[in-house]
Amino acid sequence: MLLPALREEVLLANKEIARRGLAPHTFGNASGIDRGGREPLVVIKPSGVGYDSLTAADLVITNLDGEVVEGKLRPSSDLDTHTLLYREFPQIGGIVHTHSEFATSWAQAGRAIPCLGTTHADYFHGPVPVTEPLTADEVAGGYVRNTGNVIVRRFRADGLDAVAVPGVLVAGHAPFAWGKSAAEAVEHADVLEYIARLAFRSVLLGASEIGIPVHVSEHHYLRKHGPKATYGQR
Amino acid sequence: MLLPALREEVLLANKEIARRGLAPHTFGNASGIDRGGREPLVVIKPSGVGYDSLTAADLVITNLDGEVVEGKLRPSSDLDTHTLLYREFPQIGGIVHTHSEFATSWAQAGRAIPCLGTTHADYFHGPVPVTEPLTADEVAGGYVRNTGNVIVRRFRADGLDAVAVPGVLVAGHAPFAWGKSAAEAVEHADVLEYIARLAFRSVLLGASEIGIPVHVSEHHYLRKHGPKATYGQR
Amino acid sequence: MLLPALREEVLLANKEIARRGLAPHTFGNASGIDRGGREPLVVIKPSGVGYDSLTAADLVITNLDGEVVEGKLRPSSDLDTHTLLYREFPQIGGIVHTHSEFATSWAQAGRAIPCLGTTHADYFHGPVPVTEPLTADEVAGGYVRNTGNVIVRRFRADGLDAVAVPGVLVAGHAPFAWGKSAAEAVEHADVLEYIARLAFRSVLLGASEIGIPVHVSEHHYLRKHGPKATYGQR
Amino acid sequence: MLLPALREEVLLANKEIARRGLAPHTFGNASGIDRGGREPLVVIKPSGVGYDSLTAADLVITNLDGEVVEGKLRPSSDLDTHTLLYREFPQIGGIVHTHSEFATSWAQAGRAIPCLGTTHADYFHGPVPVTEPLTADEVAGGYVRNTGNVIVRRFRADGLDAVAVPGVLVAGHAPFAWGKSAAEAVEHADVLEYIARLAFRSVLLGASEIGIPVHVSEHHYLRKHGPKATYGQR
């Protein structure tokens, strides 16, 4: 069996989606990528299989063209979004898609989540962006791949860095989050839900869309990222 | 004892109502129908019995006129709604009535739930409809049966298909959901609650009543239904 | 030890307050009354004791003047509200005071909960009323007893029947609920929280203050109460 | 090992933060102070360590200048806020910082929590105050210490007593709470979250910013504090 260690990590990330309550039913999936071999290989959840019964052997391995390299089950129906993001964001090693409640509510409202506090700033550099809706042509001509394309288009248009902004809301759909590994991706998906909950309530209490001052958000972002990080045991 | 297999399925669906938190106290019930015998028979929860102690033998079997065919307990006080829906919607095999919190809140507000996202579109073709309130005559002359009638009237008036729209909000009351089996009905009741939660928050965040573009919702609905379905392991 | 059976029932009602999450910390208490002896006796939770460690022997027995008849601990600081309600509402046998989250939020907003649905109508005949705030004189001259008085004043002013309306919101404070026993009182406290949650969301979705048509609410109320009740196994 | 008893109390307070759900991930910390020795010593959570695996030996001991006196791990990144508050508020013995959801939502909205009910009044004398945002200079020149300074500035400007107002919202960040011990601090942090939840919903229901009458809030505050306290078993 190929990539046993990555299979274990991706298995754990998928189970974390369920354990943290980020996706009811089977509305969520995690993947990881090994970029070190002859060709990059993606390990991803099979489609429509419950998190409880999922095993490492059930996971599907594909290449970046979405061709199955190993596995008896069909890969997640979201595969083409994952592979496109891996191709376009070469710094990332894991992707998690959820339908977590508050992040999805923001996505359904078509609103970016403004940076209203330091928890947000510790993880996301600026607002959590939201895509445009897919056009009729994009839906007809490769819906899942084009979900990846509207994400990349948002990042290009706004000059965003996928490492500094490790997630996005797909308008009328739900969030995607990523990280340097599948484990980090699921942590980011969880934090995204948490800041979506906070921001929902803050906005109802009248918080300004402008959010916290840039000198505060920059400080917090740099506290956790980059050479001068001061958080944790390093 | 008649219909032992259907009894087990309906028992499980009733327990799922409680396990998923869809109905506090005993405000909910599930039924299933066997359409294959000499006359169609409905298996339904008895009235006012707790989910925990419920056994397959406690379930009540009636015909489509609501006459008890087997069982010592009184059937659910909502029986006449179930039998009317089984008569009017011949494609359905199971019905679940809950008082789940967010779906009931929409029902109490008398508002249909607009299709604001792909999760909704995967399960419901268009908005989750809401009935008119019952008139004084309808309340006086067969309240429970007429609850079924206002549901059917909404589906007729809007040209809705009970398979494509597997649930409804009864104005000032609560939701009903259905499916090809009792198991599918309870899954639909759970999804309905989930999309009611999402839509509640999206609407407070300013989501448009119009909802997602039709080309997106059609794509998602057809992804899970019909001959070109691509979701899951088929 | 006096009234061992009532002690057990009141103990259970107090533990139910905690088990159903109706009161954080020790913000809640249940009592029951025995009206059958030489003088009526109230069994009530002692003040500031946790629900987990509470035993039947810890409960305090007082007369309707609030004088301790049996017990080593101080009775609940809300005792005088309980005794006043027992004196004024002779049909009731148990009282529960909680700080359950949504009912308390309505109390803090000083708003009655309109009857927006059938769940409400099954338990409360008309809106859940809210008191006036206590005046400065009422606070100074017997705050706890006067909490009972503002409740009774609301019922008198609106011509309400304590059996048909088994609970109230004390403005700027929290709910009280009651019933023919301590067990029924805690059930009513739980239902009150549930309908407060539903109504909160329905109101944010634009539900009218007028609520459901009277012909519907009357039907539901009478379905569970009075000689023609059809709900449950009777 | 220094201060074994205080270590146990601070350990327990940190675990309570997690047990009560007041801080996702490791977004929270508790400390306690021993003011009785040659110099005051602070026991505080180490930075970025999970609550589950935390032991008394992991805790870090510092003096009021933030210098580590005992411990192998780095102290919480919020240490300088704790030490400043201990220096400025000599009556307090424990401090808890959380990112609890509703209190943080108010902090992100930059709004003080008005006293809308008696639960609030039992614990906080007047509104829960909110700080000003930190200026760019304050962020650049000692961000964590200046977080303490904006808290103290708010208390000075409004003439607040840290014993009567045992917590604060830091604008765009999250709450701090304190008490005469670490155990009381975590109780206050929990109550603060509870009253933030209540007030959020009351405000959406239209509660006035003015809050309950002063004669009611004074009565409740004095019921639990000062020589005439009547609550609990004393």
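Chains here go by letter, A, B, C and D, matching the order in which they are written, and residues are numbered from 1 within each.
FYI, contacts are C-beta pairs under 8 Å (C-beta built on N, C-alpha and C of every residue); 3 or more make two chains touch, one makes a residue touch a chain.
Quick caveat: nothing in here was measured; it's all calculated off a predicted structure.
Trainee: Same or different for chain B and chain C, when you check if over half of the residue numbers at their contact belong to both copies?
Mentor: Here the answer is different, because the shared fraction of interface numbers falls below one half.
Trainee: Would you kindly say which chain has the C-alpha centre located farthest from the C-alpha centre of chain C?
Mentor: Using the mean of the C-alpha atoms as each chain's centre, the farthest one from chain C is A.
Trainee: Using the average of all C-alpha atoms in each chain as its centre, how far is it in Å between chain C and chain D?
Mentor: 33
Trainee: Just how far, in Å, is the C-alpha centre of chain C from the one of chain A?
Mentor: Whole-Å distance between the two chain centres: 47.
Trainee: Multi-chain contacts only, two chains or more: what residues does chain A have there?
Mentor: As it turns out, chain A has residues touching two or more other chains at 200, 203-204.
Trainee: Note which residues of chain C are touching chain D in the complex, please.
Mentor: It is residues 24-25, 27, 46-49, 73-74, 77, 99, 101-102, 104-111, 133-136, 139-140, 143, 172-174, 200, 203-204 of chain C that touch chain D.
Trainee: Could you list, by residue number, the parts of chain D that touch chain C in their complex?
Mentor: Touching chain C from chain D are residues 116-119, 187, 190-191, 194, 197-207, 211-213, 215-216, 219, 223, 230-233.
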